Every structure is written in C-alpha cells, then in structure tokens.
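Each of the next two complexes has chain A plus one more chain, namely chain B in the first and chain C in the second.
This part shows the complex of A and B:
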C-alpha cells in the first residue's frame, strides 16, 4: 500500500499520511544527535561530533551555526539541506532588521524556517527538507528561548529537547533530569546538556561540541579543555552516586531515588 | 467606492450619474440641475459644476499654466515631549483660491495607538494609511504584539517608494507609542523617512515652526504642550491663506491616542489678542 502513494509527495495516502514527510523524519533519525537546554540566563546547544577521516581537516562548529547575533541553530539530518535552510534564515534575519528596525524574535525566525519546511511538503514535486532543527537564542526583551522544527513544518517551544540519533532515549533522560535548580544555574544547564549527550555518545571531549549563549553576548563554543572539565565533574558525580547506591544495597534498605519531580519539557504551541 | 463611504461621502450615486449625463438625456434636469437661488441650498456641499473630473482636467493642462489641486495648503504639526506626543492640524482644504472645505479631517486614526497626519493629496494619504492599517493589524495577529512606530512608518515608506516619481503627493507624520516609548516619523512622497522630536508640514508650517521653536521644551507639562500646539496652528491659520477653520488636537499617550479638542481658529485668535499672554 505504501509504495503506491509515496512517489508524488503532493498526495495523501488513503489513511491520511504524508509518506515523504515520514521518510524525511527517518532521515533525521540517522543524523547525529543534537541537544538543546534552556536555562534562565543561558541557552546551550550540544552536538555529537562524528569521527572524521584521517586526512580531513577537522573544522569545528559545522553543526551549530549562528543565524544572527542573538540566534543560533543546530540541526540533525541532511547537512546539505541544512546549509540551504541556514542561508535563507540568515537572509531573513537581516531583512527583518531592515524592514522592522528590530532583531528577529526567536519565535519569528523559527516560524519562518518551519514555513519554509512546510512549503516543500506541498506541491511542485519537491521533496521535504530532511532535517530537524533546534533554534536557541534571546528575544529583544531578554527572554531565553528554545524551539524545535521538524520536516513536516511544525514547531514547538521546549525547555530541553534532543533530535537525531536516539533522540527518544536522550529526551527521556532529559525529562527525568531537568529540574528547577538546573534552570536557575548556568553551570548546571551546561552540565545537563553534556550529560544528556553522554547518554548516547562515547565519553570524551573529542566526541561532543558544546556552544553556549548568554544574554546580550554572541554564541561561544566551549574549548575542549572546558568540556573536559565538565566531563570530569560529571564522572565524579556519577561515581559518588554509584557509591551511594552500593552502600544502600549493602545496608539492605530500599534505594531511594534522589530525583525530584521533573517538569514536563514540552510546551506545545501548535498541534 | 469604499473610500467614499469611509470619508462620509454619501451622495456618490447621484454624483456618479451626473458624470455621465448627456444633454439629450430625458431626466437631465433631475440629475444635473441648473443651480439657482432657489435650489442651491440642497447642493451646497458639491462643487458648483456638474462634472468635476472634466472641469478639473481642463484647468490642469500645462497650457493654462495653472493647476487646480485639491487640499494642497495645510498646517500640520507634531512634537514629542515627556508625556507623549501632541498632534495638531488645521482643517481647511483649498483648490487654488477656492476653499473647498473647512472641515477636513487631517488626522487619520490608523488604530488606537497609531495616528497619521494628512498633507498634500488627501486621497493618497487616506488610502495608503488605510493600507498601512491593514498591514499593522496582520502584523499584530501574526506576532502577538503591537507593531512598533518604526516598523509601521517603514512599511508605509516602502509602499510609497514603489510609486516614486509617479505623482504621489504625501507629507505625512506617523505618530505612536510603542515599547520604545513615544515615536514620531515624517514620511513623504519622495521616499523620505526621518525621525525627530518635532515636525511641521504644509504651507503654514513656517509660521508654526516659529511659534514652536520659540517655546518648545521637552519637559513641558501636558497642558503647556497642548497650548503650544494650539497657538502654533492658530497663528499659522491667521497668516496662511491656505490654512484655517478648525484646529484639531490629539494627545498620544502610552495607553493610546486621545482627542483633546476641535475648535475654531479665529475665535482663539481674538482671545489671544485680548489676553496678551504671550511669554517668550
């Protein structure tokens, strides 16, 4: 049944699905993981750095890109599609500044990117963009924002989210681990992002790329030394946690989990 | 004729028919009556010729070296002060030496927190500011916040720029209050858009500027500001033939605009003569 209806993307299947869009979402699932965390005064983006060929130049920050002084984007999926989308978004940021004399709000540029993605799911035999994005930044009034789009053209606002390979695992981890205290602290927000990535990525600063943005400051990529420091801190915390569990077991009592009730990480804007 | 009904022009049915009536038409007397002492009272609001379009075209040709343009002379002004923006306009419309109307509304209420003034071509100003109102509303719905005065004036000037050199005649001031505070932009038909604390546009602006420049202070109280604006329009109306009749004053506040008054300029001039209370 599926084979007959997915070549021309402008048509629905009999059970109301757009197969090309779903296939695009499969392409996204093959891309390397990206994680975004929103804190009170900081927004963090983390991506999995895939190993490069020996002779290839290791150009850092290919997956995290700056759209404007106050907006950054990470993606999961087809790199070439991302490049094109990024280019259009950057132009739109400047057009907005020219016409309205104000920097874009994060919601505006997310809506623009989502509209573009939606356009390619409707008509003219074009295939959808094969990527999901995480868009972070600060609005003109200083509010931190994290949005995520997907190939169907929908977007939602998040407190923390993951896209790409094994995104579901990472998101479940984020749902358990995200707390109010983490939200308040910039240090903890960065740590949460790294922890979430380490769920699916081998430990080590050469496998992750972290970028942070603080209010009124441009995007900053953490150096590998800084990342190593965070990872060392995380590993120490893990050891302490493991020790506690072992002791509790030996004492024969039930282990009590130390996680505080977590906040839901999804505030949906459009259904 | 949506614009006609917006501007309160109700008799367009008869007017339209009168444009097309022939001498051989059976009911010519009904549609294009000869004006005389008995019936002129019914028709006083129309110009004294049955076919204004044809008549005006005759006088408009370069042969005559005389052009009749509606609504050219005017005095409009607006200035920012610590409690917002004051907008004041006159209400006279002239076509050469003929006073076409003494009750023109030269302030266009775009929406409850944006005002536009009219100078130059009334139709141009009224029409484009209505289009601007539509853009502002759509912006507000899409972005869930009110449009800024900078953005609204930018939208207007971009629309006007497309018609640059094609005969638009507009000298309008966009006034509002947004998240950056009070906003005042002057937009004109050659695509100019500038912001400042004080502007006056029209043939009477030279008289208005002298009054404004002499007494303007940013820290004025609201009453002083309204008085200053009133004096400026009244003195301009007194000396400029193309300005006069009624002075209309608006105050743009954080909560939106408020109409302060609309009174006759001549009465004020007599009062100023009596009071002799000009302090410079």
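This part shows the complex of A and C:
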C-alpha cells in the first residue's frame, strides 16, 4: 500500500500520512547522534564522531556549524542536505541583520529553517530534506535557547534533546538525568551532554565532538584534552555510584539474615 | 564633496579618519551623529562619503556580505579581497538601474601572515576606480591631504 502513494510527495496516503516525510525521518534515524543541552548561561552541542577511513582527513567532517556569531547548529541525517540548508540559513542571518539591524532570534532562524524543510514536503515533486537539526544560541536579550527541527518542518523548543541514531534512548536518559542543578551550572551542563552521548557512543574523546556557547562569546569547540578531562570525571562519578550501589546491596543482604533468627524465637515464645 | 574622509597607511597599521559627524543640507546641519566609518570585519573597515542614503546602503550591504563570507568559509577576507569585492559591487551597480553615489576608502590589516604587505589601503570612487596608495582621501580635503601626503609621508610611519 505504501508503494502507491509515496512517488508523488504532494499526495496524502488514505490513512493521512506523508510517506516521503516518514522515510526522511528514517534517514535521520540512520545519521550519527547529536545531543543538545540548554543551561542557564550556556548551550552545549555534542555529536558522535563516526570513524573515518584511514586515508581521510578527519577535520573535514564538520557536524557542528555556526550560522552566525550567536547561533550554532548540529544535524543528524544527510550531510549534503545539511550543507544546502546551512548555506540558506547563513544568508538569512545576514539578510536579517542588514534589513532590521538586529541579529536573528534563535526562534526566527529555526522557523526559517523549518519553513524551508516544510516547503519541500508540499508541491513540485521534490523530496524533503533528510535531516533533523538542533539549533542553539542566545537571543539578543541574553536568553539561551535550544530548538529542534525535523523533516516534516515542525520545530519545538527543548531543555535538552537528542536526534539521530538511538535518539530515543538518549532522550530517555536526558529525561531522567536533567535537573535544576544541572541547568544552573555550566560545568554540569557540559557533563550531561557528554554523559548522554556516552550512552550510545564508545567512551573516548575521539568519538565525540563537543561545542559550547556562552553568552556574548562565539562557539567554542572543546579540545580532545578538555573532553578527556570531562570523561575522566564522569567515569570517576560512575565508579563512586557503582560502589555505593554495591554497598547498599551488601547492607540489604545482612538485614535479611538477622530477621530469620527472631522469627524462630517468637515461635518458641508462643510455645 | 563637502564630507571628507582620509586614509593613511603606516608600517603595520592603517589610519582612517572622517571629518565632523554632521550631514549638511546646503547651509543647514541636518544630522550631528553621522558615522562614516563602517566595520567590515575584525581587521578591516570602510569609510564612505557621498549621497547620504547611498553611503549607508552600500556600506552596510558590503559589510554584511563580508560577514556572510566569514560565516560560510570560516575565515575573514583580507582588506585586499574586501576592497576588490567593494570595487566589483560598485562597478556592477554603476552599469545597472541602481548606482551608488558613494566614494569609499577600504583599509585594514591582513591576518594572513604570508601577505607581503599586511597593512592594506584602497580608495574606490563612485565610478568603480580602485587604487592602492599610502595616502588616500575623498571630498574637498583631498586637495590638501594628498598634497601633504606627497610631501610628508615616509616609510615606516
């Protein structure tokens, strides 16, 4: 049934679905994971760095890109589509500055990108963009923002989100782990982003790329040494947690053995 | 012609100067906070003088395109590249319906260490003619500034 209705993307299927859009979302699920976290004074983007071929220069693989001095974007899905979308977004950022003398708000540029993605789901027989994006930055008034778009052209604001491969697992982890304390601290926000990525990526600074943006400063990519430091801290915390759990389990074991003797004493008393 | 802009090149700097922050309309001062200096990038700026609307429109247009280049390519254009881009835009617009009556000076310090001359200064007039010189000026002051420059400019300022 799906085959008949997905050749012309302008057409709905009988049960009200746009199959090309759903297929595009499948393409997104194949892309490497990207995580975004919004703190009170910081926004963090983390991406999985897929292993490159031996002869390939790995610095040419850029999944986190700046759109303007105060906006950055990470994506999951078709890299070539992302390049086109990024180019349009960058032009729009400057165009906006030229026309209204103000930098774009993060919502504005997200809406622009989402509108572009939506346009290709309606008419002219072109396929949708096969990517979801995470857009972070600070508005002119200093508010940090994190938005996410998807191939259908919808966008939402998030406190923390993941896209791409195993995004659901990462998002569930974020839902459990995101707290008010993390929101308040820049250090903890960065750690949360790395933790979330490490849920689905092998541990090691060469498998993740983290970029942070602080108010009024341009995007900064963390060096592999800095990432290693965070990972070491996370692993230490994990060890402490594991120790605590082990001890709690042991303590729980001894209490059960003491209750059994008291039971026998009671029965003898009764007698 | 009434508005004056001057640029002077030194050993490792360029100096850009504009006259008073006023825009005149005949004998009246219309505006007291006119800024003729426009930042193109971190190490390059443009002075523009001429028709007030054209000046701002042209300078801001060039400025935002220089920024766009930086966003897309990740590096700043050198003052030489900025000046050539400006000249090209001026020349193209001249041969179209919308020309700009603006004389500009583009100057800056190139961040590219391999450049021979890193302090770069260019003058572009409203017809799209570009020259590179140690002292450049537009407006009535050019009659004085260029003459003084000829006499007194020296190497390693």
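Everything below uses one rule, namely that the second predicted complex is superposed on the first by the 250 of 271 C-alpha atoms of A that agree within 3 Å, B and C clash if a C-alpha of one lies under 4 Å from a C-alpha of the other, contacts with A are read in each partner's own complex, and residues count from 1 in each chain.
As a convention for this text, a residue touches a chain if its C-beta (ideal position, glycine included) is under 8 Å from a C-beta of that chain, and two chains touch if they have at least 3 such contacts.
Bear in mind the structure is a predicted one, so any value in this text is a computation, not a measurement.
Of the two partner chains, neither chain B nor chain C is touched by A:11. Legend: residue contacts after superposition of the two complexes on their common chain; A:51 is shown touching neither chain B nor chain C. In the superposed model, A:100 makes contact with chain B only, not with chain C. Contacts of A:242 after superposition: neither chain B nor chain C is touched.
When the two structures are aligned on the shared chain, A:68 is found in touch with chain C, with no touch to chain B. Contact with chain B, but none with chain C, is seen for A:108 once the two complexes are overlaid on the shared chain.
In the superposed pair of complexes, A:80 makes contact with neither chain B nor chain C.
Touched residues of chain A were counted for both chain B and chain C, and C has more of them.
Contacts from chain A toward chain C in the complex involve residues 66-68, 87, 90-91, 93-95, 97-98. Note for the complex: chain C touches chain A at residues 60-61, 64-65, 67-68, 71-72. The touching residues of chain A, counted against chain B in their complex, run 99-102, 105, 108, 141. Taken in their complex, chain B has these residues touching chain A: 143, 148, 150-151, 154-155, 158, 179.
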